[in-house]
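Once you scroll down, you'll see the structures, which are given as structure tokens.
Paired with chain B in one complex and with chain C in the other, chain A is shared by the two complexes that follow.
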Partner chain A sequence: MHVHFTDQYRSGSSLVHRLDPRIKVLCTLAFILTAALLPPGEWIHYGLLLIVPLLGVVVAGIGPGYLLKRSFIALPFALAAITLPFTVPGPQVTLPILGLTVSIEGAVRFVSIVLKSWISVQMAILLVTTTTFPDLLWGLRALHVPRVLVSVVGLMYRYIFVLADEATRLMRARAARSGEVEGHQSGGGIAWRGRVAGGMVGSLALRSFERSERIYDAMVARGYTGEIRHFAPPALSADDYTILVTLLAYLALVLATGLLFAR
Partner chain B sequence: MHHTIDVSDLKFSYPDGHVALRGVTLSIAPGEKVALVGPNGAGKSTLMLHLNGILTGEGDVRVCGLPLTDGNLGKVRAAVGLVFQDPDDQLFSPTVFEDVAFGPLHMGVPEPEVRERVARALAAVGMGDFAERVSHHLSAGEKKRVAIATVLSMDPEILVLDEPSAGLDPRARRGLISLLRELPQTMLISTHDLLLVRELFPRTAIMDHGQIVADGPTESILNDPELLEAHGLERMWSLADR
Partner chain C sequence: MLFLPVQSPPQLHIPDGFLSVPVAAAGWIVAAICIGYALLKTRGQLGEKQIPLMGVLAAFIFAAQALNFPVAGGTSGHLLGATLAAIVVGPWAAMLIMTSVIGLQAILFQDGGLLSLGWNIVNMGILGAFTGYGVYQFARRVTGDGRTSLIVAGALGGWLSVMLGAAATAAQLALSGAAALSIALPAMLGVHALIGVGEALITAGALLFINATRPDLLRAGRAATGSRSAIWVLLALVIALGLALVSPLASPDPDGLNRVAADLGFDSEAQAAPYEILPGYSMPLIENPNLTKIAAVGIGTLVVFGIAFVIGRIGARKKIAA
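Presenting the complex of A and B:
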């Protein structure tokens, strides 16, 4: 019984797959930064940015549909900006559909934020779809993200599956004993069911705690003294540098023109 | 010549007051293969955790002649390859390769040699093609083999395995038995699998209530039904008994 729900990686041997994880992380960060810095309402520039992840999926042989399907996970977060159309001062229009009055300036900003986050998420999805998780981890480490943080993420990735399996087992055990008898109301009261569920969560937490102790023992048994050691990262290839420089130059151009021609 | 393992009058209580070891004495000579049997809660796992300095009790523990002091701890841990019962505890790295490399990297072995050791250890357990795999996606038998490789890469003098055949199906268990037979290291395992003991281990020690209650040649111990029954073990039936 295995749970695979977080594995986004799709294997391949394209140029995008082969790029050094460090380069991919750097490109993704630079891309998201550019998107964030572009002024609102620069629709053409957003289009120029969108070309990058789309080109990426085509080269990686994944297909734009895959990216598109997953890219909407960011939308609920972008809704945090939903107040902008109603709070930003300036000329206003009344929407024909709901009869709401919104400020044009605010609406432009809101749509820009939604678009920019949607485009940024596509780049991030491209990164995790073409990079294995272990590669991503050493990429982050090589870029001097604090080691403890990377280790925590690594252990989380390793044990989230184990934990999910354990949770599934607990729920199966509950389901297997959730019988019904004719003439009796089954299911119990809501307070009782809440208590059962709470007990399961507690038992899962307790098991995880005990497991963490055993994992620590297993690390200590193999010489762990508080510092996690890793291999030195390999050298970057010519392809890596070419892609990095090309993409950074492109992003700089998009950002510079976007700022210059801002309304 | 010193013994690989020398434990004398070892006593240990857990912080909650539970007394786990009540004066354990056990010596293992280089090259010996010893099985530790006994009921759950007898103290087998607790004893094993002492051999690596993870727990420290009262009494004397020496590994390869070295007393367990803070200064020796690193050497002792390199000499004793401790394999935990649940491979999900032992395999904590994202990939098989990184897990097998963990021990030697911590010993400060140079990287090219670490790569060699990882390749050798994985080949020794028949998992040479699995280096880049993610541990979670392995079967129980495969995980167990990788868990053994994670300590083989440290070139230990003695392998200490906690219930290695628990939870394996017959085929994986059979594979484990042939693997254990091939490994040249001194070995101490705890197990409930008496058939495995009879097949691989010339010497058996029975542990009960935190003490070693019997220690001798496997044949004579397993052929003593009263002794086995007194310590919660099942008498072995062989085809000749029918």
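Presenting the complex of A and C:
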């Protein structure tokens, strides 16, 4: 497995790419918070929010097509809220197509949840497509996420590709040994299959354990003393401040009007 | 065959948009406190090995979540991994490992939201690690040291950790007004009763393998920090969750709640979601209704957790003294 199968970063030198990671993380969080605070049924305001990630991908030169394609990732979870139109009390309408009776308030709330979720995920996608993962970690560290946690995630990121490769080899080895003739049962029952997969997981666990020992030894040999050092954060540029202030002001405006004109 | 770790086990990663801000904030508070404590605990236990060991094991859990086995009709059994990690390295280290896994999935793959990350960490990482570990330790104590005991304890721990995470997720969705608890809870538990079987089988299989190859690792896990407090932390979490689940059921009549709110002078809260932990609760010092809600839900969760934890610790002391 290679980095480009999983890492969504698209290199570039646009304004969005050049923004300080701290600013990008803050903007993303503020955006998602705004979306969450907007009351249900504020369709115009959802549209105003959607403009931000769309503008972002256009400026970054990524193209909205990619964003749209990725953004449906969280959609299956909508199932969790699908009962709202049928359970929320209030005035009801009967749908002309299926003859279902749904509550208006419930339907509005359901569609709002799905839309908000869809809009929020676009901003998160914009963040990772325009920021390299080491930069992102550095931004989180500068924003006072605990140092150990950031280092652990950093080391983890370094090794997911190595261990995912090992997992792929385990799966390939199993597939190579699992002959199947159509119409005949092959292998054991579910418990047997589960145990085989468990054995693979256990084997991967031991290899990871031993690998971590070797990595630790290698780190000590290179002078590791228990601390991973980071660069001191550089000063923010004028562009950084402009973007941060503009976006926060815009979000505040959208939120204020959204709350003010809430039905 | 293309390897896609992006397809991790679905449905427990809550995306953004589903949780209300007060509920999401409460999750972040609980997660932050637990993570802070776990960082201290593992620092003492692992020392300077903390970062390499937990980093590589987090990568391992991430990769292991993609190892699956075919069940039937195109579905497959998966691993979440909190139980296995907790049994091998102890609950506090496992909690941090799961936090890293869930955090990376949210940031890098949008597998779960950023506002909802707090609860996702609690549901799958903290609850998962402590349930799995507590149940495993308890079952081992009851069933002895044999191979069967290992299978039963690992499978039970894995299954229950998934079920508890599912129940917690349903409760948070209900509290946010994103689903009706009467439907979400049975639906989540029903689906995850099956998903949990995959977790149980893989956990037990992995433990058998580790026991046959490196039995010392399992003994080290039993001696890890937090093994004594694990059961009490678990108890505290379960009680807190139980109360959160019961609270909306206890007063299913929203009109009644509104009347109580009006009687007590909290009219501003009248348009609140039908399910809330402290319905109509507000603090006189805070004027902003949203801040009030955040404070109310956060404090409520913490108080319940705190009380349960203290009761648990007192119980533990008595037992040790006796």
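Operating definition for what follows: the second predicted complex is superposed on the first by the 231 of 263 C-alpha atoms of A that agree within 3 Å, B and C clash if a C-alpha of one lies under 4 Å from a C-alpha of the other, contacts with A are read in each partner's own complex, and residues count from 1 in each chain.
In this text, contacts are C-beta pairs under 8 Å (C-beta built on N, C-alpha and C of every residue); 3 or more make two chains touch, one makes a residue touch a chain.
For clarity, every value in this text was computed on a predicted model and none was experimentally measured.
Once both complexes are superposed on chain A, the partners chain B and chain C fit side by side without clashing.
Within the superposed three-chain model, A:A235 lies out of touch with both chain B and chain C [touch as defined at top]. Touch criterion not met for A:I97: it reaches neither chain B nor chain C. Contacts of A:V181 after superposition: neither chain B nor chain C is touched.
Looking at the shared chain after the overlay, A:M219 reaches both chain B and chain C. Contacts of A:L37 after superposition: chain C is touched, whereas chain B is not reached. Once both structures are fitted onto chain A, a short way to say it is that chain B and chain C open up an angle of 90° at chain A, using Cα centres and rounding to the nearest 10. By the touch criterion defined above, A:T168 reaches chain C but does not reach chain B.
By the document's definition of touching, both partners, chain B and chain C, reach A:G154. Legend: residue contacts after superposition of the two complexes on their common chain; A:R211 is shown touching both chain B and chain C.
Taking chain A as the reference, the larger set of touched residues comes from C, when chain B and chain C are compared.
In the overlay built on the shared chain, the residue A:F133 is in contact with chain B and with chain C. Once you line the two complexes up on chain A, you'll see the smallest CA to CA distance from chain B to chain C is 8 Å. Across the superposed pair, chain B and chain C both touch chain A at residues 133, 154-155, 157-159, 162, 211, 215, 219, 224-225. Remark: chain A residues 1, 5-8, 28-29, 32-33, 35-37, 70, 73-74, 76-77, 80-81, 83-84, 87-88, 109, 113-121, 124-125, 128, 133, 136, 146, 148-149, 151-160, 162-168, 170-172, 175, 190-191, 193-206, 208-209, 211-212, 215-216, 219, 224-226, 228 touch chain C in the complex. Interface residues of chain C facing chain A in the complex, by the touch rule stated above, are 1-6, 10-11, 13-21, 24, 35-36, 39, 43, 47-60, 62-64, 66-72, 77, 79, 84, 88, 96-97, 99-101, 103-104, 106-111, 113-115, 173, 177-180, 182-184, 188, 197-198, 200-210, 213-214, 217, 274, 290. By the touch criterion stated above, chain B contacts chain A in their complex at residues 49, 52, 54, 74, 77-78, 80, 82, 84, 86, 88-95, 98, 101-103, 105-107, 111, 114, 134-137, 150-151, 154. Only residues 2, 133-134, 137, 154-155, 157-159, 161-162, 211, 214-215, 217-225, 229-232 of chain A touch chain B when the two sit together in their complex.
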